[in-house]
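The following blocks contain the structures, represented as structure tokens.
The same subunit A turns up in both complexes below, where it pairs with subunit B and then with subunit C.
The block that comes next holds the complex of A and B.
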């Protein structure tokens, strides 16, 4: 980790309190069906100072015992804009979209720095490609929009209690990116930026089950599986289009099947996205309509007065 | 109000029998919504048999477009133009901008008549609040605005002595405390 000399730095490496688990603690197991997504909490409009914002969470399964309970995923997204282009930027007839993905320093077992590292920049680039295919940029000439994502709690890469020195094999990054895509889509719609569709992220993986058979599961939690290959897609359901795909591991010959499963996972995430966006839009429209009545009243009162002054 | 809420990507009908309005787009011969908001259908008549479908943005207008009336503050002037930073959109500033948009009012766009006799220094001073209309997206930096209408021009101004002034004619503001008069392109009060 890069040391930041302007701040008081926490010790590098893990700072989790010691957990004296008994030696026979078994790693967490997947309790849901292979084609079942974890429950998603999604809400838009949580940051009043931003043009659009959303919060995404995969809460831990309350049925698992506390010691083996894996961390959940918590992501916030704010959208700033459309706003005028920065002073130094060249003229652009389209919306200039920039994405920033940052893990909070406390998001993972290994502390993250304040400066974005390469994996965070990588996630930002993947998110940008996923969103670029959805936003209708030509409706916003000479303007820019920033999508800023903070991962408050990231998905662990390995089983709970395993103190791997590195960031793991990176299977958790796929679920994080899927969450980032879904939450950014909600925040962009909340900001009122034109989109061709709602985009949702979904992950599917080929995993070894107990009998060492390889099966396909939707929305894998890396702590629960021995993963062989995983695939992420950003999917537009109403157009049946994929704007972003990321595959890791050795999928063998069944690439198409794995992508199909990831699309299915994205479709499941979309149902939550649709509900969340619909709820917040209905609330905003309902909050808008009562003050509308007095204002139209005032306008009708103002008009005859205008005629008097001009006449 | 029983208007239906539509979401981005929601099909609104075939493009052959509907006209796309703001907030919608055409894909593969169908109209789709591109915003989350209430759907409005314009009434049809014999001459316009197809309705226009419009999806309203709940947050209102976000950036200046050609024809938008804006409120802004003069940031600097020179003999050829005045620089303006657009602070709010709408005739009475219904939508405040989070970030100000840079704009300019050229000398020939200040008033409608005798445009070659206009002097920028006798029309605007730094700090004046101006109501203007956007005439073009402008160059790579600034929007181009115009005040060439009676109801456009300076709406609030501070005198050299630092007092708030009141408009007294189409070209003068009066500092009531000192009795001094200053020249401006005054907006007709509405």
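The block that comes next holds the complex of A and C.
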């Protein structure tokens, strides 16, 4: 691999990830019902210097046995803007939304590099499609907004050691993209950019379960089963519209049913999104309210003090 | 008609946030001029932000830490990969004290272009600040002899075949290379202290699997059993402290009229208006590993001595807080 001149590089001989004598974890099994979403943790306002920010996590299920590999998805999103375009830029009547998705080097089992590769650019493009349909662009002419997503921990692509070459690989990318859509939606609202509705991402999959029948599951964790087909939608519930759809694999005859399941999964994710946006708005309103009256020294120690400044 | 005495024009009064944005320098100066001097965030001059350290949250890494220093949030992950001895340019000297540095077995990288602040948007190659931070972390890692080279060596002792053979010497067949990836989620000043604290916390909780050389396949194989994982034996506990110096020195005014204040653990608004900075690196209660000062001439020997004393106090607090 070309040495990156601006970063500290690996030793010249090249390193390889450790190879284990045998599998060190037993494969996890899906313990939830087929229509149950994993618990989502969504919090806004984690980066105070950005216009808007949010953190999305699918915490590992505490009930799994300790030796099982626990999957957990961790995504941060910061939104910078809307800020004016430079003077020499061409006039644009709509907001120019730029999305940037990057996996951290430690996000996946095999270490990734620092330079964006094509799969990350592809995810960024899908995310932009999903968000462009929901942002009211004409209120921000000649402006640009940046949505920056960092995936701190991604989903596994399939059960450990399984051959995923037949049906295609990269099932984990759909779950990551669903999380990116939800977290970007929360961050955009936190930044105060006008939207027609809250967009949430949902994934549904056709999987082979233990009896090798094909069932539809919502919010699949690709490490838990062999996936046959999966579908992601970015869904606006109050307008009943889909801004982005991505399907992978062989869905057989029931394509409409798979999309309906994905829409149902997006609806489940939306409830958490609404709560997070409500908390974020309440926090902002509380910050805008007038400061309290000056109290005793002990109580006001450590808080910013007002000083008299004249213009 | 006599001119009536009009009231003096009302002076402009802005809310705090507006004043901080319009004139950050005089805003900070107005706070520091008070007695006792106070900073806009409410801290005293020598008060550092209390770090919050969480370890072990990343599944795919051998060691990880998340450090929050006020509004600065940084994630560090330590991942080990195998470097075969046959891939190194020349067989290393067994007594080489700089073995780690010669082979480059510790690879830190600081990533700032994650949108952590409006000044660090992605899409650009690493800025000067990111490159110099990576280099500073690397220098401190190697210079403090933090990691024991024996922890990173994978040796193989060939079994005796005949009775007359001498006992074979253990031969180094491969090395562990530790990739330390430091990503900033949010930046509010003092990136170096936060990054180093995250590196220390990650290294302290790193558990590497037990690796052995398989003579048949001529490759390194690791044992999957969790109880075979072992920690690194760290030989030092370096702690860093950064100070920013705010000075009213002006080339148009007398040098004696200038006042200066040393601020411990600056945040972004303070760093933007201070040109001078002092960084002190210590290990233990009596070893100074480095003192760095640049940017101006407001700080002299006495102030640097005070900064070193403050850092000794900080070493005790941070050492108690590290896992």
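Please note the rule applied: the second predicted complex is superposed on the first by the 257 of 311 C-alpha atoms of A that agree within 3 Å, B and C clash if a C-alpha of one lies under 4 Å from a C-alpha of the other, contacts with A are read in each partner's own complex, and residues count from 1 in each chain.
The definition used in the following text is that a residue touches a chain if its C-beta (ideal position, glycine included) is under 8 Å from a C-beta of that chain, and two chains touch if they have at least 3 such contacts.
Nothing here was measured: the structure is a model prediction, and the numbers come from that model.
Engineer: Per the contact definition in the header, classify A:114: touching subunit B only (first), subunit C only (second), both, or neither.
Structural biologist: After superposition on chain A, A:114 lies in contact with subunit C alone.
Engineer: Answer with first, second, both or neither: which of subunit B and subunit C does A:82 touch in the superposed model?
Structural biologist: Touch partner of A:82: subunit B, not subunit C.
Engineer: Give one of first, second, both or neither to describe whether A:198 is in contact with subunit B, with subunit C, with both, or with none.
Structural biologist: first
Engineer: For A:288, select first, second, both or neither according to whether it touches subunit B, subunit C, the two together, or no partner.
Structural biologist: Only subunit B is touched by A:288; subunit C is not.
Engineer: I'd like to know which partner A:91 touches here: subunit B for first, subunit C for second, both or neither.
Structural biologist: Only subunit B is touched by A:91; subunit C is not.
Engineer: Decide which partner touches more residues of subunit A, taking subunit B and subunit C as the two options.
Structural biologist: Ranking subunit B and subunit C by residues of subunit A touched puts C first.
Engineer: Touch test for A:38: subunit B only (first), subunit C only (second), both, or neither?
Structural biologist: Neither: A:38 stays clear of subunit B and subunit C.
Engineer: Between subunit B (first) and subunit C (second), which does A:30 come into contact with in this model arrangement: first, second, both, or neither?
Structural biologist: Once the two structures are laid over each other on A, A:30 reaches no partner at all.
Engineer: With the touch criterion stated at the top, can you tell me which subunit A residues are shared between the subunit B interface and the subunit C interface?
Structural biologist: 80, 306
Engineer: Tell me, which parts of subunit A touch subunit C in their complex?
Structural biologist: 6-24, 46-50, 53, 60, 67, 69-72, 74, 76, 78, 80, 100, 102, 104-109, 111, 114, 146, 148, 150, 152-153, 301-311
Engineer: Taking the touch rule as given, give the residues of subunit C at its contact with subunit A in the complex, in rising order.
Structural biologist: Its residues touching subunit A are 11-14, 16, 19, 26-27, 30-31, 34, 38, 40-43, 57-61, 64, 71, 73, 75, 77, 79-84, 87-89, 103-105, 107-109, 111, 114-118, 121-123, 125-126, 131, 134-135, 138, 177, 179, 181, 183, 185-188, 209, 211, 219-226, 268.
Engineer: In the complex of these two chains, what residues of subunit B are touching subunit A?
Structural biologist: Touch list, subunit B to subunit A: 1, 3, 5, 7-11, 23, 25, 27, 32, 34-38, 57-59, 62-63, 97-102, 137, 139-140, 190.
Engineer: Give the list of subunit A residues in touch with subunit B in this complex.
Structural biologist: Result: residues 51, 80, 82-84, 90-91, 136, 140-143, 189-192, 194-198, 236-239, 274, 277-278, 281-282, 284-285, 288-289, 306 of subunit A touch subunit B.
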